[in-house]
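The same chain A turns up in both complexes below, where it pairs with chain B and then with chain C.
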Partner chain A sequence: MGHKGGFHGLDGRTISRANFESRRRRWWAGVSKWLYLLPALAILVGIVIYPLIYMFRSTLFQWQAGIFGRFLGLSLWAKLLTGETLRIALTNSVILAVGTVVCELLLGLALALFLNETLGRLRTVLRAGLLIPIFIAPVIVGLMWRIIFNPQYGVFAWAIGQRGFSPIARDDLALYAIMLSEIWQWTPFVFIILLAALQSVPIDVLEAALVDGASFPKRLRHVIIPHILPAIIIALLLRSMEAFKIFDTIQVMTHGGPGRATEDMTYLIFRTGIWVSDVSTAATYSWVLVIILTVLASFFLKYAYRERG
Partner chain B sequence: MRKKLSRILVLTAVFLLVAAVPFIGFTQTTKRYDGVTLRVLTMQHEPIKQSIIKSIPRAKAELGVEILVDEGEYTTTKQKTVNAALAKTGQYDITTMADQWTGEFQKGKYIVPLDDMLAKDAAFKNAIVQVPLTFTQFNGKQWGIPFAIEMTIRFYRTDILQKEKLEPPTDWDKYWKIVKYFHKNPKYPDFYGGAEMYARDQGYLIGWLNRYWQNYDFKPVKTKNGFWDENYKNCFDKKAFIEAVNNAKELYKYMPEGVQSFSLPEALDFFIQGNAASVLLWAAGMGNASEDPSRSNVVGKVAAVPAPGVPFAASWQLTIASASKNKEAAWAYIRWLTTPANDLGFWVDNGKTPILAATYDKPEAKKLYYIGTLKDTLKISRNCGNIEAMEDFYGGDLFPTAMDGVVGKTTPEVTADKVSKLISELLEKSGHPQ
Partner chain C sequence: MSKRRIILIVLTIVACVVVIAYLFPVYWLVSMSFRIQKDMFAWPPKLFTLHLTLRNYKGLVEGHGLLWYLRNSAIIAPLSVALSMVIGSVAAYGLARFRYPGKVGSQIASWILSLRMLPPVAAVLPLFLIFSRLRLVDKFYGISLAYTFFNLPFIIWLLKIYFEDVPEEVEQAALVDGANRIQIFFRITLPLSTPGIATTFILALAASWNEFLMASQLATFNTRTLPVLIASFIWDRNLQWGYATASAVISALPILIIGLFIQRYIVKGLSFGAVK
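Presenting the complex of A and B:
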């Protein structure tokens, strides 16, 4: 209880009103930041942390078709991590991810550089036209490419003059057919990010390089790319995350086949979790994918922060 | 006079009453379920789906029951059933269940056993084709009533085979002859001896399973499927499997180039458009498609034989959900769907395979040309059996692993070892230590 000019502290000493107010403000500053974070934390825990923990728990038990069974411990992890199925799916995922991202980056950059030099209405028209694939639902893209690759009446077989040939029917080519459909759809995404970045490169720096006699490859390497590197990293990060999660086109084009030739991690999780209803196995595979994507994202973000300096 | 008149009136009334009794009895034989709504989850295969949907008005008129239909393809149907069962909402009263789900569904108590209902209807039980009835017997109980029997049938072109003096593909030798004859035959450009369905995912249907069962010696081993015996011990025959895989591997060279990407509708269309001399399909996959002039170029030119080797049979069965609040009405509806009249009608109109033995011998059933083939196929076909992890058997790693051997990713010997190991794992998972 305070009295005129001050308050009694817990140790019996008298605290001045001003002191008390200062302590109260400091206390509130410390507590309020957590209160402001509480809604976001609640959402994070509710829709990310808790499901991850729940999913990990389900890897420790046999859980199939809604029936929670016996305790397995880490035996399922040991079995699946050393199994051939995971190795095949992971290999397919890595090939798909690396292949699509590298090709999208190179093509996207080439298109952005070209369009950046294009003037007038042509640029607007080309930009709009090039963006069309990303507005098409992946399922439709898959159907479209399936028709293109049809061995009897597809455009692909006609174009190469080999009626009856279909890359999605060949276990050595099917993965690259999926890759092609993904590159077709998502190169415009990389292109638009890099085009925006290119337009922020200072013109005076470019002109200075030109005056100094720098060729285009030298300007690209020493001026343009350093300036647009953050945008490249963002594009790489976003596309890498997505490239590891390709499902729609695989489901429509090949069903993971022939055999397991196009079964990536996401399709494997679908097959075990949805088709076979083996939730514990699917959860284990999901955790493997979460770990891989987290490491990948960390790597990219660390590099991005370092570049930002 | 008055007395006489009244006597005549009474006698007439009595006569009319007596005469009316048989009719009253007739109209009140089938119990009605007016005001009851049954929710049915059906598999999307057209013969099954159309049989249920098209008969809704008649079910209403004859049983009084209102039918609401939901549908799904294979995985969706299973997911919907499991989710509804876990939520205990009674969302579905009846579901069409693939027989391989029986182990899981009975363990989770998602469906009710039908033994009590069948016990009161012995005539009906005996009238059903007995083989598919066994597909959903688990732990000594009956869990489903067959509604559509899936069998692997080889459909073939009668006109072309007769023209080229080739015999129908009733066994592997004759099938090989056809396949080799049309392979790169200049008389038949872009034409093939055979096509297969599901090669891209369910690789077993390109012929190794039929051949494996043909090679397997079932006499010394008490097994129905050649994978595990009656004590659930692994009895996989690697030698029989290796020969079957080599046969399939060789067969691939004569298949249409795109066959590994064929889904069921694509294989069907490939054949009915006139691009192949034969095709391996589920009976329900064909339905009456080859006789439909709006989509078929081979109307009247198709016949069928059981798949060479030992054909594969499975089924879609009608089950009653545990959470259903209308189990009695659901059973009445199942009985109505499987009456002799409906069994025949669904076959003739929609191509849904009959489930009553007597239907196969009815003259009207011959309207669809392959009814005799279905009857023959049922006698010789086999099923892959039923354990709790049966879904793993079909949807897990076993068949893709076998496909690795067929396409040459691994040698048949290595593939055989892997498949045998997978079978043991499945049996262990289902509670049968090896």
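Presenting the complex of A and C:
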């Protein structure tokens, strides 16, 4: 193939061995970086993308026991998009998502500002205690609150002095009970992220602001918040990712009830697809949610990446 | 100075009270699991009782196969996290270190992260059908594979952040010294991002251990996990307080113990490199 220790390049000219080696290495570097992504992408296509495509197909055909039957076209879409059921579930999902994320951020920040001022050793202990809710299963968190909100024997009814009263049995309050259990579980997560950020606020800057006589709200707005903004964005991003997936606590606390009061999109998909076994309907609801979440994620990520620089 | 000290002490006491009150639901659940029937259903509720029993736990072990569920969870959760961590860390390393043509790298990264937003319920039905065909339903590796649905995007995104914080110059120096990428990954990148790895690991482990929806559909008989057991005591109108709370306590303990052991790393990991 070669002579004098050289190789023929693609253009037929002889190139030196060293040159060939470096070309080969560059080619390999160009190819190998894709190999890092390949296994992950393959799994994601199999576990996420293929099921979604399957679901999309079943929005167009009447699905029955694993067989695609009569062609529906977009008629199912047209019917469900204008339906009351979707409107209720979507509203519940949005209320839950916005309510939980906003409350988690505000409470987490308040808790972090507050505990950041306490004595050093004890701060570590309190922080460890607040790690507990993060690791507990949402099923268990739902169970906790359901026991607390029990109308006959629950501590909540006792604390407000109204035996027989339970927010999870009221259709105007049940959604907020679900929200409460979510907020209870995940505020500590935000808290821990923000506390770490607060501890990195440079003391000299804070003291300079104090010397200047800046009030607490002013210090918060002009010194603390700008400094911990990257952490706030990460917390916001991590929590919003989960905000539309609330299911377990609903299943345990209310089963979507009373009536449809706590039925969000995930629960609606579950109920139609798994209880009622109307897969085509569930698939259409799924795709409505997928489209909304994809649009939301792309806006959100664009903003988050810009802010983080 | 002493006035500041007093304020500090008062603040600390208030903080303790707040945190203890915050954790009241946990206490209430644990306390219920050790109570006799009469103390569970007392009016007014007994905030504290010394009349404790292990009857609920005994009944769970003897009559409901608690240890069997524990074993299943202990197989599925680590298996799925291991799978996602191995594949995810390689992908995250690629995304953190290499330049892909145009904006493909960051596009893939945000596409993967946006997958995390999707609820498992949207895929659980077709997954069940695919898994039935491949004989993966009710298999430990099947359900572990299904958990990559939420674990993999999360792990890739978090690890990418952590790997990006490892200074590239260190790796370049090692490359010049003749180390290959695999050696660099294991000897430099991984050790330098231990808090991040630990954080990612425990969050993914907790998510898999605590997962309920997919488990209830894909682990139907031989591989049922603890959350499925807990939920089996909870019905629409009623619930079995003793068994539900006791199985919840047993289910929560392992992750809590691991989490508290590595909490130093978690706190460091959750501070993220963005907050130097």
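A few comments on the model shown:
Following the convention adopted for this analysis, the second predicted complex is superposed on the first by the 260 of 309 C-alpha atoms of A that agree within 3 Å, B and C clash if a C-alpha of one lies under 4 Å from a C-alpha of the other, contacts with A are read in each partner's own complex, and residues count from 1 in each chain.
Everything below uses one rule, namely that a contact is a pair of C-beta atoms (placed from the backbone, for glycine too) under 8 Å apart; a residue touches a chain by one contact, two chains touch by 3 or more.
Just so it is clear, the structure is predicted and the values come from calculations on it, not from any experiment.
Legend: residue contacts after superposition of the two complexes on their common chain; A:I178 is shown touching neither chain B nor chain C.
By the touch criterion defined above, A:V223 lies against neither chain B nor chain C after alignment on the C-alpha atoms of chain A. Applying the stated contact rule after C-alpha superposition, one finds that A:A169 touches chain B and leaves chain C untouched.
Applying the stated contact rule after C-alpha superposition, one finds that A:L109 touches neither chain B nor chain C.
Once the two complexes are laid over each other on the shared chain, residue contacts for A:Y36 go to chain C alone; chain B is not touched. Using the contact criterion defined above for the overlaid structures, shared-chain residue A:A89 touches neither chain B nor chain C, since it reaches no partner. Legend: residue contacts after superposition of the two complexes on their common chain; A:V279 is shown touching chain C, with no touch to chain B.
Comparing chain C and chain B on the residues of chain A they touch gives the larger count to C. In the overlay built on the shared chain, the residue A:I234 is in contact with chain C alone; chain B does not reach it.
Of the two partner chains placed by superposition, chain B and chain C are both touched by A:H255. On chain A, the surface patch touched by chain B in one complex and by chain C in the other comprises residues 66, 146, 152, 163, 255, 257, 274. Listed in rising order, the residues of chain B touching chain A in the complex are 74-75, 78-79, 82-83, 85-86, 101, 104-105, 107-108, 110, 190, 199-201, 203, 256-263, 270, 275, 389, 391-392, 395-397, 400, 403-404, 406-407, 409, 418, 429. Against chain B, in their complex, chain A makes its touches with residues 62, 64-67, 84-85, 146, 149-152, 163-166, 168-171, 174, 254-260, 263, 271-272, 274-278.
Residue ranges on chain A touching chain C, taken from their complex, read 32-34, 36-37, 39-41, 43-44, 47-48, 50-52, 54-55, 66, 111, 114-115, 117-119, 122, 126-141, 143-148, 152-155, 158, 163, 184, 189, 192-193, 196-197, 200, 228, 230-231, 234, 240-241, 244-245, 247-248, 251-252, 255, 257, 265-266, 269-270, 273-274, 279, 282-283, 286, 289-290, 293-294, 296-298, 301, 305, 308.
Chain contact summary for the complex, chain C toward chain A: residues 8-9, 11-12, 15-16, 18-20, 22-23, 25-26, 28-29, 32, 40-45, 47, 87-88, 90-91, 93-95, 98, 100, 106, 108, 110, 112-127, 129-130, 145-146, 148-149, 152-154, 156, 181, 202, 206, 209-210, 212-213, 217, 226-227, 230-231, 234, 236, 239, 241, 244-245, 248, 251-252, 255-256, 259-260, 263, 266-268, 270-272, 274-276.
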